[in-house]
């Protein structure tokens, strides 16, 4: 039952067609339709916050196209992560300029609208191989209305590269640190700043790094405080968390 | 907002005090109170089904006593699993015969009432060391209104022990199979019957059985169909699942 | 020794050719031939229950064709899971309409006959990527004589999607919940209903979801009772278990 | 070389005792003394932010007493986590009221001073067994100058308990969600709000929950966005991260 | 149905009371009673082979005493592994000299009778800490009628200790190699001989040896052929396998 | 230094050219040359036992050809396991009929000569997908001079298939059991016979069978005695172990 | 701020433009620029030690070309590991003879200059499949100025092959041991020598060797002392560590 | 056969009692006695290098006393690691001042003699809880004749503590870095120096640090070169490796 359904019950009650007891009985049976209201409200809220993110691998081109079309039809916004260039190409053939493509981040969006900027997120990587994940985070932050700053390839094997760039830290509201191998960079960064740190382990590395497991465990076991960890290679998740932190910071004013 | 709250809104609408729009607006804001209705209904349903189970380890005697008292106060029923005899002793000192104690299953109950019996659950173990977990399952089934049958120590190292007891299978509605070590028994049982099998890996075994992990993986990887697996040593969970299957079977008549 | 063999011994005894002791001695030596009887009986039983399921990956097209042919020759029924479209195509070239193909479920069957319907299984998924596994379960239920209902893409990130669809739960005898990533949906579903829940972890997700391991562990560790877990991506196993539960429910009438 | 050392070099230069080249040479040789400045500055900053946290297990009472004494001597502040009551008792015998004890959180502090309050952190738990970790988080937030709100025992097995308490979410700046077993609660919470969520897996559970591993993997693999995960049972880390987020929010005004 | 049952059917047939068809029908229904015959036969065979082994940990003294008593009552033989000295003491208080105790191997036996000796098993250990497991294997071999030879503390860190003792290898029929840590000794031994090698990983070691896991994986991954691996610390299993090999060797003559 | 080298030293001593002390000194310096003798002796021994096995994956065709050529040049024998048909084709183009190809077992041999037969090895599989590994074992046994018997597709889901074929067990000296999924078959087989059992886990299965890990752990944790386990999919290793057992049995006569 | 920046501050101080306090204040703000000095110094040092190593997989040809170009532009030296022949081909098309290619080691270098030789590293492998990793180590040692000696295919299955070659050990300063499967060779080597041993597990092997994990755990759990382990397949890391040991040995003279 | 045995053969040959062929034959049979020579030589060598290390846990006091006595009897030297104070007390009651006790390192030695000092090992720890393992390393270095320097509690959460102490690095020949939690310190240290780094993961930490596993994987996956890793908590192993490096450095002069 939707809003109209409830309105009908209430109208019937107001017009004396049904009694309070009847109305109560009918409404008791539809709490979830009530929840659909909240859902719609919530969705409106979400549209101002984090848009629906679709993880592209494992979905057919047809499925992705359908999701994109429906999203556009309802004036929504969708972010497709880990999209292949080939799939994006097909999407564009069908939907044209409605599709925006961020190649390094492997993100395509439809229906995204410019947001007002507030707050800045600094994205730091340990190595150059971590950059695709970092770009996924950076583009996500950008889509969600944050300014971004990048500080790449400042891994702990040359800690001077990091300490000589601390000025980047000052102007950021949140710092995303992307690192593979031993995943030590978030510990060092968090020890040098009092900004919240979002740590993203990457699957960069080989042997005993176990596809990002060593970095993940390292970040979770960090001797520094103030670090929140997201899943391996999950640049979108890191960007979304950072954007929520920034958004709440500025929303609260 | 409870039922009274909603009734008040509806009465105000019926009496013309507020408009349909007003009523709609107020009701939109209280979906969760509506849900409380469902919750209460659901709870009533649940009281006839699976009572609240409290995992005792890690709770203080005081906490357990408090839970037991509140349960009795609201005429509820609680099942305390993995309770130590010492804790049960203290509970009884306070609450007397309200507390029922099943020592082999390490289960204590308060507020449990006799249920009508319908359906039978057969509980099978591979070895004698699996019996405490099996008893936890059996007592749970019994509490939830099932008849129980036991067939213990019929592991696959002597498969004749099992095949010579197939008559037990015929009269059961569900078969719970409890096994540690390699956990092979559910595969063999499920291959011999068309009853649903609930498999419980136990932490019995040593070395590469990894506290039940070998049995768990074995049961999940079974070459037989018709097996649902619960957590390691989770006799209560197996009993509850079996009882739900039995109950739905007889409820549907 | 088959039925004929035993008959021969008994005839010799009846005709006085051999003594009781002789017959006893001969029969003692052939318990496994006796078992062959049971096997045949059991097989007949099974044909009314769960047909032989063949996991196609790792088998050559020739092997699959041979299995299909033999199954048809003995008027049997076989369910081939995880079959590729290419293999199914070849099968059909040889066996024509004897082969039925369920593309989304990746299931092909030969010799399957229409079964009478009894009972209903609801199949729920957390996301759209879980649908192939869900369809494997649904087609299995359908093959085994259950009605099916589907409720897809109601994951816990938007719990309202689920709570607004509780009416689906009421009419089901068993609920299969298919979920990847953190595998939280079965816990929520089992908390909202008293129907038995069969939980299927899927390999959907990446990073620390470890090919379904996170979902599997989550489902096994569920705080809700009444959940039986099957192997990762094992839609067939879930369907078979659900069908057994339903069948026993109705067989018992 | 400390501040005085540098001052001496500069004075010598200002007084003409040494040349610019000499001064340059000497200063070049002491980057780490320079860093000590930053360290001091940073420490001052930190005192307004996160005080030094000492993980008590594995340290002798004598070591802990020594750390506490030195902290007091330099007018510092220290937070001892996971302290046993016995150790706290000894600490108090020596240092008296300088030691503050939070028994449920197992935290002792020395030298902590009242901070101005800004921002609110909501701490949510799935079960009652998660409360000690939640209290560690809550006390940490409190020590670091945040208001706290608690919403305990609202696990996903009864999702209505959660949805009927959404009003708690609105007034919070950050939500800490503490859960063991399958760790599904953060996914559900993050799906219901746009506040940043800090997820803390706990070692509550048994069998295949592997001392918190199931909850940890589940939280990392969450289908919801906007979640940062900390280590198993790491209430202090969660509190510190939440406080940093809140602090930066209000510092930025 | 036991032997008497079958005899009755056959007698009825012989006396013309029932027809061949009747008899066939009745006998078809009792394959498992037939199997009980085989079971008994098999048990007799087994008593000449490997006696029932009872893993003592996790069993109460009362249970162990009961098993021992029943075993003696039916003139059987039982081997209790991993028994504590205290439990053995109690057993002896009740059963006296019927109980034989092998302290280093932590094995107690009841009803064991002297067997004829044939074949020799050499038990080799890498270190002195592996000796209890080795003794469990050696005593098992001895109980099962093998001669034993011991070569202890010849680990690969001093490979000369091994190569200077190759004469021990020549006279053995089977070699059991017990090793913890990296578990390399079986590879080296198997490379020096053409006797079958039974490898037993032990939980000796620390850190990344993971309670015997490193040794287990090492033995399974051995670059040498001719090695069969048993579970971690499973001296009894190694002894039983070695004895079976030896027994079959000599049985075949 | 080879045999000639030592002969030279001894001749010099015998002829008085050098003293005993000199000779001792020189010989002391060459224990490893002495070992080379043993190596050669050992190799001769091995040629009667297990020939050199070359694991083909990861080696170039050129390397494999070179190994084959050298083996033939020194009248040796080599067994190439896991060889692709393409590589075998190339080998044959160069070496012609010297190369023998066992396609199902994926084994190629060069220089293999007919051995006298003694002893029989029974190879059992749980399913049809286990057959390639079983054939690798069977061909290995055949190459090493054992008779072989095969009993395929008798997994524990239909335990009657196994118990009705026990006659195969009687005539075997060793039983190799090949099984994937839960790996339960060796436990059942070992419980039905007193022959040594060599268990081979296979990577057949999916999800929580983890590429053979579930089967491996299950076999190691078996509740039956008398089982030696080899590595996942290691048919060659199983065959070699079985052949060693058989060979020693008959060598000892 | 660079050297010039600091000079400017000091000049201003020397000329009386600013006070000591001003200068102190300004200098306090630039510790990281000071660190840039150290960085440069450190880099110079590094150029004499270990050149920058670039792990090629996961980098595009364009990225690799760019790194190579920049390296040459600044007269630097870069070592590209795990490079494919195709990529090297492209590099050479652009940069010609500046690129040196070591095919077996899969290493390409640009800007490498001949170093003076001091010290010798012996590289030992267990099997022939370990040779690519060993060559990566050997070429690295060579590039860093060490002499190298090779002793390949001396695994523990034929320990005589090793003991007959001990003379190689004497002349080496460091021994690198490369082994897959059970990884036992470093234990045996370290037991035969007092040279430091660098152990490299390789991903050679299958089944329970888990891509090098068995070898890694074995090496870490070694019963021999004096072994330092590097990551799986990390030939470069082993070579770099060995070269550092050798370099420090000779630098210290 | 020992040296005397060989001498006898040679004397017989020299005296013409036996022929060259006879002598050759006899000597061929005793390679392992020859190896005993090497063993003795090697042992002598080892006594100048690394003494026998006995891991005390799991050994009885009687066994430890016996080892100590035999060691003293043969004028040897033994290092007992992880010894409890109680055991050491008993050892001293029996052997008096022969036993030297290093309480913080939990090491007891017998028969150790002062060695000449050469070379210096710097031992660095991330935290104070890592100190016992560090002391085990330091005492081992000291026993083996190295000077030691200590730099404790300089973890990466406050990287300035490390960079301000770089002077310690210059005078060291080898640096041992001991760290738990995420194990990031060796990466940072190795990036700041060109000395060989021996990394020791410790079991310090909780939750996802998995008893040192996170630190171990982090160290193996380090982005810095020149690091050799030893087992978790293996301070002795680190000290022994460092001492071998130092010893070889100075031995080579």
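Per-chain numbering from 1; labels A, B, C, D, E, F, G and H assigned in written order.
Note that a residue touches a chain if its C-beta (ideal position, glycine included) is under 8 Å from a C-beta of that chain, and two chains touch if they have at least 3 such contacts.
Keep in mind it's a predicted model, so treat the numbers as computed, not measured.
In summary, the pair chain A and chain G forms a contact in which the copies contribute largely different residue numbers, shared numbers making up under half of all those used. Each chain gets a centre from the mean of its Cα atoms; for chain D and chain H, those two points are 39 Å apart.
We define each chain's centre as the mean of its Cα atoms; on that basis chain A and chain D are separated by 25 Å. Among the residues of chain F, those touching two or more other chains are numbered 31, 35, 38, 42, 158, 163, 192, 207-209, 213, 216, 220-222, 225, 231-232. Counting only pairs that meet the touch rule, the chains in contact are A-B, A-C, A-D, A-G, A-H, B-C, B-D, B-E, B-F, C-D, C-E, C-F, D-G, D-H, E-F, E-G, E-H, F-G, F-H, G-H. Of all the residues in chain A, the ones that touch chain C in their complex are 31-33, 35-36, 38-39, 42, 55, 57-59, 63, 201, 203, 212-213, 216, 231-234. Residues 35, 42, 45-46, 49-50, 53, 163, 173-174, 192, 194-196, 198, 216, 220-222, 225-232, 236-237, 240-241, 244-245, 247-250, 252-253 of chain H touch chain G in their complex.
Within the complex formed with chain B, the residues of chain A that make contact are 3, 6-7, 10-11, 13-14, 16, 19-20, 23-24, 27-28, 31, 34-35, 37-38.
Of all the residues in chain B, the ones that touch chain F in their complex are 126-127, 155-159, 163, 181-184, 187-188, 190-192, 205, 207-210, 213-225.
Per the touch definition, chain H reaches chain D in the complex via residues 128-129, 158, 160-161, 163-166, 204, 206-209.
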